[in-house]
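After this come two complexes, each holding subunit A, first together with subunit B and then together with subunit C.
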Partner chain A sequence: MIKFASPLRALIPVLVVLLLLALVPLMSPSNRFLSLAISAGINIIALYGLSVLFGQTGILSMGHAALVGVGAYTAALLARDFDIGFWGSIPVAGVMAAIVAAVIGIPSLRVSGHHFVIMTFAFGQLLTIILTNGGEYTGAATGLDMQQPVTMFGIALDPLERFYLLVIAFVTISAVASWAIINSSYGRTLRAIRENEKLAAALGINVGRHKIGAFIVSGVFAGVSGVLLAYFLRHISPGQFASFPSIYLALMVMIGGARLLLGPLAGGILVSFLPEVLNLDPVQSRILYGVCLIAVILFLPNGLIAGIADGWAWLVKVSKRAQASGDAREATR
Partner chain B sequence: MKSNLLRGAAVALCLGASAYAALAQDAGDTVKIGVVAAESGAFVSAGHTLPAGVGLAVKQINDAGGINVGGKNYKLEMVKRDDRTDIATAIAATQELVRDEKVAAIFGSESHDFTLAMAKITQPAKIMHFAGNSTLGKVLTPDAVKAGGENHYLFQSEPQEFQRSGSTARGVLSLLEPLLGAKPKKSVLVVGNDATGQFLSSFYITALKAEGQEVPDIIFYPPETTDFSPFLTKAKSFDPDVIHFWYNGDSTLTALPQALELGAAKSYFLFGVDPGIWKERGLTADVPVAMSCVPVCWGASSNPNSKTYFDAYFAAGAPHGVTSSVSLLYHDYVHFLAKAWEKAGSFDPDKTVDALMSMKYSGVVSDSLAFNETHQVTHATEVCAAAPGGEITCSMQQPPEKAPE
Partner chain C sequence: MSAILEIKGLRKQFGGVTALSGVDLAINEGEILGVVGPNGSGKTTLFNVVTGVHKPTAGSVTWKGKDITGIPANQISRNGIGYTFQQAMAFPGLTVFENVQIATEHSAASARTDFAWPTPASLLEFVGIPGLAREKAGILPFGSLRLLGLALALATRPSLLLLDEPAAGLNDRETAALVGLVQQFPGHGISVCVIDHDMKLMQSLCKRLAVLDFGSKIADGPTADVLHDPKVLEVYLGGEL
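After this line comes the complex of A and B, so read on.
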């Protein structure tokens, strides 16, 4: 019972935050806000996958936007060539991104640490080059258009408020899936690899296979996120999945924190809305992100949310200690 | 005393109410025009010309008393949003302008991809949308622009690419010929490898061949390139008479000194670089260098309307930029749209499209701007050439009537 209640305690705050976010349309927000919130939500879905890879396994991918691109292009090609709509493309895009992740993962994960980071970065660049030079099939540098509407039980989900709720639903599914992975024996295996790869191998864990597995799992999240992006923007092109978007995804997960469930949510919202709230141009934004990243690495190595949680725990401990010493003084008198 | 107080309060209330009504009336008599452009980020060079061009046109129209639509006078108001060269921000800005600000028309963006994604919002909402991307030719098909079509309210304020490429190729070669002492025969293209670069170069290579040029290769460089030496070395191996740099003016100005250092060709062409920048930066070359503007140059123009326009444009605070002339792909069309609203006697988008399609407008770029059946304009392009001594000559080049085979 205790074992079950404890992990559930980690999920509840996320579900509460998502429930509150789902109520946002009731406050009649501006369409600009809703549009940016949808973009942030789509990123957060990919971030939950990245948090499994980075937070649980300790592997950082710098080509994750390319896997989002695989999902987006799969959706666009399925719609164009096979007339398969949104719901049909979700599983196919997830599987395609997982297959591509496996193809990159098998050679890349033979190396570790910064070599893997460089290889995933190179993969991101390579995919952009392939898409840019893919001729009529990939739409070359111009990209592809999406025409199909998104519907559910005959209801059009394209209006901004409904698409926002759809994205919130997918973020919730991603958070729950991520929570289930973290709290499964598989998640514990991944954490064992993260903490001490050699010890994990000595215990009989197939380290290589599990690392590739984690990359594949994170690919599924990225693929689903790509489908939502394609259907939201209605036009995709290679530039959207190049190196900078990948760096931003890594930045979001590092700032928010990859090990706690609230981390991807906080990172995605912060990085997406900070330039908007502070009215920063891209150069100022990049300076701010850089400063934030250095500050997080130096002072909050597990991310903002873990830092806040640690700070809160420290405050509770200090206040309890103060209360205890106060009680002791009282008793002495 | 009490009745006087009451009377005073009633008068004040009436005055307040009438003042409020007058203010409300003023607010109601304003028509909003949205602009989505990169005022920061990678595309800022072209992006800042959009609000500058539209803003100048709005000011000119308002200073002249506004527009009269259906017997009522209206002022225009520009509502601009910076897309930060980011597609998610461009989409959010368009959603805001269309749904929250209720603009009657949108101008922008400077990026092909952004414009296509924006059109997915503006067109179902029946918002007049003008963009200066010749790449829109791909989506402005007869079926798409007909009444009820998916892009019925989308207009391209730049000529069809075969026209622009045709006038540019002809102008470059004819201006370089006397400076080289012989007609150039061999050309190599060095082009940014993105949507615009791929699209433009496919037309330009055809235009060069139509002018009798041998084009042994087209060399694509990644858009972020700063070291052009590998591409220029390859270009030099063909011993070209002209290297044509397309299409980003900022990249082109980075590549040219490297090309001059390497002695990569006998002459060069820089697309989208204004001779004004050439003069202001004190650039020199020991070989002839041709330049073209989109569509009319501010630095050394042969267009009589150009000086008056650019004097007003720069006086309004716009900076002297490589691509300041891009503002003309927007300025003239604000005036054109205003005339269309007046002719239609309504802001109804369908009536406005009908009016636009039946009109000609005398603007800075051309005395007879008009949209063809696929919502695209036709006008000349200005090409200039700097001799090794520094003298610059310019000429307006009319577009070919038909696309070359």
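After this line comes the complex of A and C, so read on.
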């Protein structure tokens, strides 16, 4: 029998990190810190969807924030017009974002990958235009306000510590869902498409359908992330889902690395906190992001986490070899 | 003998280039048919058109009595036609085991329940690379990559295997091992059509040979007869034969 490392080995480090992050409120962090952490977490939920799309299937979306926007606006409209709260919005927003992903994906994924990148980018712009021109219904350029807080078992979750824990819970669910996809036969099918489309088709895989499927799956994560964003910010407007936020998402997933489960976590945290830690203004932080992106693409094409893992493996190998040659010298003496 | 695959009047043009100009060819159940011909004579194109990699310009392909002309590649595979590419290929970033696992997971399992190699492990065992299961396919030596390609095609549980130059780039020992594998296929209900330039290999594998030249079939019959056909000798000008 051929034995392989258990897939749990990939999940456990992520769960440990998330457990530690869940303890952060015990250290009474500042509100500023919690807010940043919550935004990072909300992004990370969408990143776990992008990791299925980009990491497993090899397709890059440059308009992903628009799908987050679909989720956010769905939540805001459900609350305003139907009195449906947070928990009811989660499934509806997931489905809505999935439907929109299908609508973009079906015409554009039948063609090539480059084509798709442009289509997603154009779609991001289009959604902003639609929302801005939606009149009263979408609140035009001003956007929409959220009135209700998130409650669970009658407890309001709007104090930042509680909302933070809610986000950590959703990040955990996203990470586990992404892990389950990666380790299923569906995940293997997506990787086969990433590695060699022609061979995948020859083995009976419907390449076009699965690419669209992966985009739809990533849309569900984006939709859920949008609901959390709407309830966190209490106010949403079209600009939040335009091209810059989309580029940030792509940046986070590339910097952290899309193939390993720790990647989205690392990318989301780094990109959110780096400007804060280094005390940069928005212009400086954009320059930093640009430099980071170029550096990652050139030196760590599979992202930071994969780079660290490779570096570690290399060190282990080198030290083993050094030891072996040392032993050999010892033996000849 | 009955034809399992019937190709009629198959034409393929790439812009001004006529790669196939009306080829008729039948592959019989249980045989190992060889297809030879000079470079650029249309052999690979013939496979590509049958397997849905390219759509034919004209002509028809009938599989077990059903018209399958121009259907997409993934459905061809699900109908029980497996093939290996002239450029040996796999999923380079995945392990050898995962490669075969993916192929097994997409086989139309319902089609053949009696299949001799139902699991990834049994396939790797059969082609002789079980020890490489954990390696990334991208680092395999060429001979092993060809064997992996064969395992992948076989994993789809085909009733017909199309092999495009399966021995190209293999050394004598590897070629002999490959011949040993291919010869077992008919006994397992898998008909074979194989392209190769190596006439010694073709003589040892195929009882029947078809010859393509400039997109047309110029000979088709028992191997020994075809190899003495004046038209065939003229094409090869006494070179490779």
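Just so we're on the same page, the second predicted complex is superposed on the first by the 328 of 333 C-alpha atoms of A that agree within 3 Å, B and C clash if a C-alpha of one lies under 4 Å from a C-alpha of the other, contacts with A are read in each partner's own complex, and residues count from 1 in each chain.
Throughout what follows, a contact is a pair of C-beta atoms (placed from the backbone, for glycine too) under 8 Å apart; a residue touches a chain by one contact, two chains touch by 3 or more.
On a predicted model such as this, the values are computed, not experimentally measured, just so you know.
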First, second, both or neither for A:Ile44, with subunit B first and subunit C second: neither
Superposed model, subunit A: greater residue contact from subunit B or subunit C: B
Partner chain in contact with A:Asp145 - subunit B first, subunit C second, else both or neither: first
Touching partner for A:Asn196 - first (subunit B), second (subunit C), both, neither: second
Partner chain in contact with A:Ser237 - subunit B first, subunit C second, else both or neither: first
Partner chain(s) touched by A:Leu18 [first = subunit B, second = subunit C, both, neither]: neither
Subunit B versus subunit C as contact partner of A:Arg188, first or second or both or neither: second
First (subunit B), second (subunit C), both or neither touched by A:Asn206: second
Intersection of the subunit A residues that touch subunit B with those that touch subunit C: none
Interface residues, subunit B side, partner subunit A - complex: 39-42, 82, 84-89, 91-93, 95-96, 98-100, 112-113, 116-117, 120, 135, 138-139, 193-199
Touching residues (chain side subunit A, partner subunit C) in the complex: 1-2, 4, 185, 188-189, 191-192, 194-196, 198-207
Complex interface listing, subunit C residues touching subunit A: 51-53, 72-75, 77-78, 82-83, 85, 89-94, 97-98, 101-103, 105-108, 121, 124, 130, 133-134, 152-153, 155-156
Touching residues on subunit A, where the partner in the complex is subunit B: 30-36, 39, 132-133, 140-143, 145, 160, 232-235, 237, 239-240, 272, 275, 281-283, 285
